[in-house]
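I'd like to ask some things about the structure below.
As written, the chain order gives the labels A, B, C and D, with residue 1 at the start of each chain.
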Amino acid sequence: MGDAVSALGIAAQALEIVAALALAPLLAGWVGQCRAWLQNRKGPGLLQPYRTLHKLFNKDSVVAAHASPLFRTAPYVIFGCMTLACGIVPTLSTDLPLSPAADAIALVGLFALARVFAALAAMDIGTAFGSLGARREMLIGFLAEPALLMVFFTAALISDSTSLTTIVRTLAAREIGIQPSLALAAVALVMVALAENARVPVDNPATHLELTMVHEALILEYSGRHLALVEWAAALKLFAYACIGMALFAPWGVARAHAPLALLLALPVLVAKLAAAGCALALLETLSAKMRIFRVPEFLGMAFLLAVIAMLVRILLGAGPQ
Amino acid sequence: MTGLTQQLVNLFAALLLLLAFAMLAQRRILSLIHLYTLQGAVLAAAATIMGYATRQPHLFVSAGMTLALKVILIPWLLHGVISRLNVRWDVEMLINVPTTLIVGIVLVIFAFYLAAPISEVSTSIARGTLGIALACVLLSFMMMITRSKAVPQVIGFLAMENGLFFAATAATYGMPMVVELGIALDVLVGILILGVFLFQIREQFDTLDIRHLEKLKDE
Amino acid sequence: MSAGPQLVALLALCAAWLAIGVAGLAALHRFHIVARVLFPAGGAVALAVVAAALPAVWGAPEMAVLPLGLPGLPFHFRLDGLSALFLLVLGGAAAGVSLFSAGYFRQSEGTAPGLLCLQYHVFLAAMALVILADDAYAFMVMWETMALASFFLVTSNHRIAEIRRAGYLYLLIAHVGALGILLCFGVLQANTGDYSFANMRAQHLSPFWASVAFLLALGGFGAKAGLVPLHVWLPEAHPAAPSPVSALMSGVMLKTAVYGFLRVAYDLLPAQLWWWGVVVLALGLASAVFGVVFAAAQSDMKRLLAWSSIENIGLIFAGIGLSILFAAYGMRAVAALALTAALYHVASHAFFKSLLFVGTGAVLHATSERSLGKLGGLMRVMPWVGWATLLGVLASAGLPPLGGFVSEWLLLQSFLFTPGLPNSFLNMLVPVVAAVIALVAALAGYVMVKFYGVIFLGQHREDKLAQAHDAGPWERLGMAWLVAGCVALGLFPAQVIDILAPVTQLLVGASLAQADGGSWLLVPVSVERASYGPLIFFAGVAASFGLAYVLVRRLYHGRLRRAAPWDCGFPWQTARMQDTAEGFGQPVRQIFEPLYRMRRELPSAFDARPRYAVEVGDHFWYWLYLPLARLVDGAARAIGTLQRGRIAIYLLYSFATVIAVLLWVTR
Amino acid sequence: MGALFFLLALPLAGSIVLALAGDRRYAPETNIAFSTGTFLAAAALTVRVIAAGPLTALDREFFIDALNVFLVALTAFVALTTAIFSRPYMRVEREHGRMNARRLRLYHSMYQLFSFTMLLALTTNNMGFLWVAMEAATLTTVLLVSVYRTAASLEAAWKYFILCGVGIAQALFGTVLLYMAAERAGGGAEGALLWTHLDAVKTSLDPRIMALAFAFLFVGYGTKVGLVPVHNWLPDAHAEGPTPVSAVLSGLLLNVALYAVLRCKVLTDGALGPGLAGQMMMAFGLLSVVVAAFFLSRQRDVKRMFAYSSIEHMGLITFAFGVGGPVATFAGLLHMTVHSLIKSAIFFAVGHAAQHAGTQVMSEIRGLVRANPTVGWGLMLGTLAILGMPPFGVFASEFLILTTTMREQPWATPLLLAALGVAFASVFQRVQPMVFGETALKPLPHPPALLPVFVHLGLGLMLGLYIPPYLEGWYREAARMVAG
């Protein structure tokens, strides 16, 4: 753990996790609200996600007759992974005791672990929807994961390390300039985020139409507290992706080590950046229409290509400012 | 004195070569057997002359054995087989006679080319005859290849035996006695077995044509 | 030559294995003795091998000469770091598999249990002796005995025609590979006539002959490991063998091929050329992609695992190729990192692949069904096997807390250093190769979800599955050992790296300096650069899992009700409505269409009995193996005309030979 | 001297006794008894030669040294085991009606006479007598090949007699030339053909005559070894005769013929230097290995296939002797021994397999392991051994041959390896379904005596892993003698 784990570090880590848990449903609500405005309707309100979570936690959990214990443990595993993911990505400060435990590749592995457990849980029930959803989720997964990894590699090549805190520190310290490899990586990350979080071009989060749903099909059988945890984890995932985007491409405002004051300042900066990200996402969703499931491989293939070209550009142009 | 025996041995060698060619071109089985008997006689004569000229007693013994075996016993056996199997008909040839003769001549030339370096080094009085002996062997080999009937093939085999015997007597005044006896015994047993085979083939295929013996192949 | 204590102990243990085999032959039909006494004894010997090999990793190399073998070349044996590591892998996996097979072999009517026990233990002893062999003759004898023993095990129930065919193909390619290796040793001894490895190490071959030896070794050992052009036997042979044997073949026998290749590439050949690394890297990647893409299209569980073995072997060879590339350019530290990644994957693949094959063995015994189309919902009736195989699946998919992820992590880290290569063309290669590795790892996850989901989850696709019984006590013990292996490899990478360090030091001259990571953090170079702490990682996930579980129970409630699954208004839900194995593989088949040789049979609209069938073939089989077979057959037919049957022709041959020889002699 | 006398007298006496009482109930037992006697005599002779070195007998007419004593021991041993094997085999054949009393008598007497001629050929010192013995060996077996009186066996016997007769005739011409060269070198009239005398004076033999003599001798005895251009009689003869005859022909007669070629090679090397003879043997050997390997995949009859395998192995041994040098010659001798042991074991198993199926066509023999496990496993292990799979001895000798070829003649190695690979593929593809799989074979009326098979395989296995020191010294001495 290198230097002694500073009290401030632990505080920053705890604050970051609590902020993530608290702000994630808010971000989801905010995106829903923005979409409502863009479609000039009133929308269910900012705190609607919290109300649904509270309602679901109170309801009994109805489980299929022959579901195996795996079905009941999966939500907890998924929720655990997502909280750890948010704990790792440096949103508020770069002095995080948890960060040496997992670098960028481990983060991608964490998302993969959550995805595998969700798919297995969906297949456990043995109905057509669950297995269909699992197949589509894994299809999107095995194309998005390498693209995300390539995005992280581009950043790693620039900052010569795969540890997220080091990446943020080096990227924040660079002067602002036109950096083509990072720009390409950003576009790739946005496309991957859309696919992973089941946003419109790839999958519609609101619908339950069998033919089109991917993420919803996975959690079709859940109810009560299990559904609450899964919904919360989905929100956390969206939050984590947003934080990754900001950490790589807008790293300013993240507190250094031993700077308690900066820590307090970082929170409002984070909220502002999340609001902007939410608006951008809502705008993107209203502008694009949902794709047929077999267009998704081309879409993600494009993202994968962009990420690889980003790395190639980084290596070819050598140690220049890019 | 040696000049005469030298001429006589060369005469017998020439006779042997002529007989080998004759057997190669012969169509009828009976005359084939007569030619073989004649060859045996010439061999015996050559052996006696060699024995007389080099005063080697064992050559007389081998000449006597040749006479008994190759002039009397084997032709008698062959006649017996021929009459028992009433085989009188002509002998088909796989290749027509003129081409066989031309190939025969080429073989003789090749035999002499081979034997040339050895004959001028050899000290025996019948130096030149080694080439002829080799030619006889190759011609009888040729005869076995071109015949499509079992009996002519057997006679070809025996003619080759004659050629070898003449080579032994001509080049080295005959092999040691014990070896001569062994060879004669082997030839005799060989003939008996071939006779048995001829009867079996006749009984199995009721013809002596070898073209029926072609089923064992790996096409 | 003074034989060190460890080596003498190991040779004694191999003799013990042979003794157990012979004892099995003695108790040919007495099933209980074989199953309950001999196989566990084999497992115990395997554990003893682990105990004996562990100290040898750090110890100095030990030599021994046995009076057996050829007069001029008695059997030499040598135990150094590399051999010790592979013996550890062999002992560990064999212990678990032997315990499992103690419970697995039933009174089936296949070959007599005693014969199976003999072949099994000769197989183990031969593998161990291959790893210890120190001269070409001993190596070749043990190598082919291993191939022979495994051939008899593969064809143990030889009444099925296609098992015989698989056995034949396996032994043929193994033998051809062995001939290649023999040729390689022939080149390595460089006309000195002394075939001991010690002499080969002292030889300095010209770059040309060194490359010839290297390529022969790659061909020979690649044939046994299942690298792409020579891999066709693996998906046939492994499924044909009884499951514990497939576990050993996939888990350990493929690793003896990796051991052989490392021994030739690093130990016997003093210097490496850079293009060797590129060739191995290319073959490794091709094998990885081919393996995983074909695994996704399989509908037989053991064939799926066999193809996944090809993928993992591809990753291992990619790691080795990278390390050769770095070693050729003198970047010792990074070469050590890539080699550590490859060796780590050797160990973790041995454990999780054995666990998976052993799991399929338990399923096969319970249901006597191998095709994925007839399984499903076994989690409920076979919980032990279900959870153990789940762990194997997570490790095989390369998911974080377990062993598969660590080797993948190390491999990807070593890719990040390649831009340091002087050769600009290779630098461009980096993103492409890294992308392919990432894609393969992700696809492996896809394949494993398909494998686990279709077998253990969902509803019973056949009603006889409800009577399936869980694994017996011995089988559980074996699986527990393998699970422990996977978890240990996953959670304690720093300790495993300490074991690998002397081996990479021996081969590449450098090892992963455990900088300041302490005992529970894996830090290849420095903390800033990259670090991975599986214990903290696992603790993090577990903590949030536990907190969520407790808080939800405390703040709200834990009530649970059972009901029928959601049927969207269609009451007649049947098990056939679940996703089939072919269905689950369909997206991959669609995306990677050109890699397959597919033949589809689609029903037309007017079919009375519509039938849909897809048959996935292998390009190599059609473009490489069938033309070769036709070539040999044509040559044989041409030569066959030599024996036409006519005596005149034969006499002509004899005549022509005499004339020819006479001409030759007198020219 | 006594051992040599008994070695030759016993089989001769045996053949006479069995000629009279060959069809009695105890004929097979007497056959075994005589063979055992011969083996004991051979063992005594071997011990004496190892202890006291080479010996000559009967005023130098017989000469025993390290080279031919190991062949004598091998011949006597395999003749004994074949006699043991033929006892139940012949009883079953009689049960199936293929052998009647008269044929049995012929078989037993000719069997003993055949082993007499081989032992005579091995021990004689006189090259002329070597020729006579070889011719006699052909004569004794030609009747046995046609004993079943089928059209195929008759054809095989006819071809065997004519082709070998022509071949042996060439050898006679070679012996005549040898005798001529010996006389020129100033030998006494009767001593000229003695090998020991020739060996002593070989450097002063006229090179031109010796070259021509070796040409004829090599083609003559090469026909008996079955080298490729003159091999055509071998598959027919070995496949059509009764199995004990095939085993002895394949196992022993080929070795004796190659022994004769070796004797001539030693003389020619002395006269002309190692070049000519070595190159010729290498060329014919390599040709045999490659062509025979490709023949294997065309076969439908199991004994024909293993006959071709014999051609391939004899080609490999000839190639090894052609390469020359102590190691290659040692490997050639070792390969000769192991090939005889394993090939005769295979023929024993194949014999019973054919009796089970009633035919020798491979597609009708299925699932031997289930019908008769000992025959099945015997055939499988024998086939794997003959194909050069370690840990059997054939691999040890092939390893040595290949490694010396890599050093001496690197160009030949890929050819050899390709041929061995193709041979492995073809033979194993045919044998595996015969041994494994479902079975429809009828059980045998009498239990087969398969002890010889596993004794041979055991010896083959031993030679693969550990060559006892006295055996190694024996081979090295023979190799030194041949390689000069």
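Note that in this section a contact is a pair of C-beta atoms (placed from the backbone, for glycine too) under 8 Å apart; a residue touches a chain by one contact, two chains touch by 3 or more.
Remember, predicted model here, so these are calculated numbers, not experimental data.
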Per Cα centroids, the chain farthest from subunit D: A
B-D compared against A-C, more contacting pairs: A-C
Gap in Å, rounded to a whole number, between the CA centres of subunit D and subunit B: 31
Computed distance of Cα centres, subunit B from subunit A, in Å: 103
Chain centre separation in whole Å, for subunit C relative to subunit A (CA means): 36
Distance between chain centroids, defined by C-alpha means - subunit A, subunit D (Å): 79
Contacts with two or more other chains, residues of subunit A listed in rising order: none
Where subunit D touches two or more other chains, by residue: 158-159, 162, 166, 212, 235, 295, 298
Numbers and ranges of subunit C residues touching at least 2 other chains: 640, 643, 647, 651, 658, 662, 666
Each pair of chains that touches, named by its two labels: A-C, B-C, B-D, C-D
In the complex, subunit B residues that touch subunit C: 94, 110, 113-114, 117, 138, 141-142, 144-146, 148, 153, 210-211, 213-219
Complex contact set, residues of subunit A against subunit C: 1-2, 57-58, 60-66, 68, 70, 72, 76-77, 79-81, 83-84, 87, 98, 100-103, 105-106, 109-110, 112-113, 115-116, 119-120, 123-132, 134-135, 138-139, 141-143, 145-146, 149-150, 153, 156-157, 160-163, 166, 210, 220-221, 224-225, 229, 294, 297, 304, 307-308, 311-312, 315-316
Contact footprint of subunit C on subunit D as seen in their complex: 158-159, 162-163, 166-167, 170, 211-212, 214-216, 218-219, 223, 229-230, 232-233, 235, 276, 280, 291, 294-298, 327, 330, 367, 369-370, 384, 387, 389-391, 395-396, 399-400, 402-404, 406-407, 413-414, 417, 420-422, 424-426, 428-429, 432-433, 436-438, 464-467, 472, 476
For the subunit D and subunit B complex, residues of the former touching the latter: 126, 128-129, 131-132, 135-136, 139, 142-143, 146, 149, 151-152, 154-159, 161-162, 165-166, 169, 172-173, 175-177, 179-180, 183-184, 189-190, 192-193, 206, 208-209, 212, 235-236, 239-240, 295, 298-299, 304
Contacting residues of subunit C [partner subunit D, same complex]: 67-72, 136-137, 140-145, 148, 155, 158-159, 161, 164, 167-168, 171-172, 175-176, 179, 182-183, 186-187, 189, 191, 193, 195, 632-633, 635-637, 639-640, 642-643, 647, 650-651, 653-654, 656-658, 661-662, 664-666
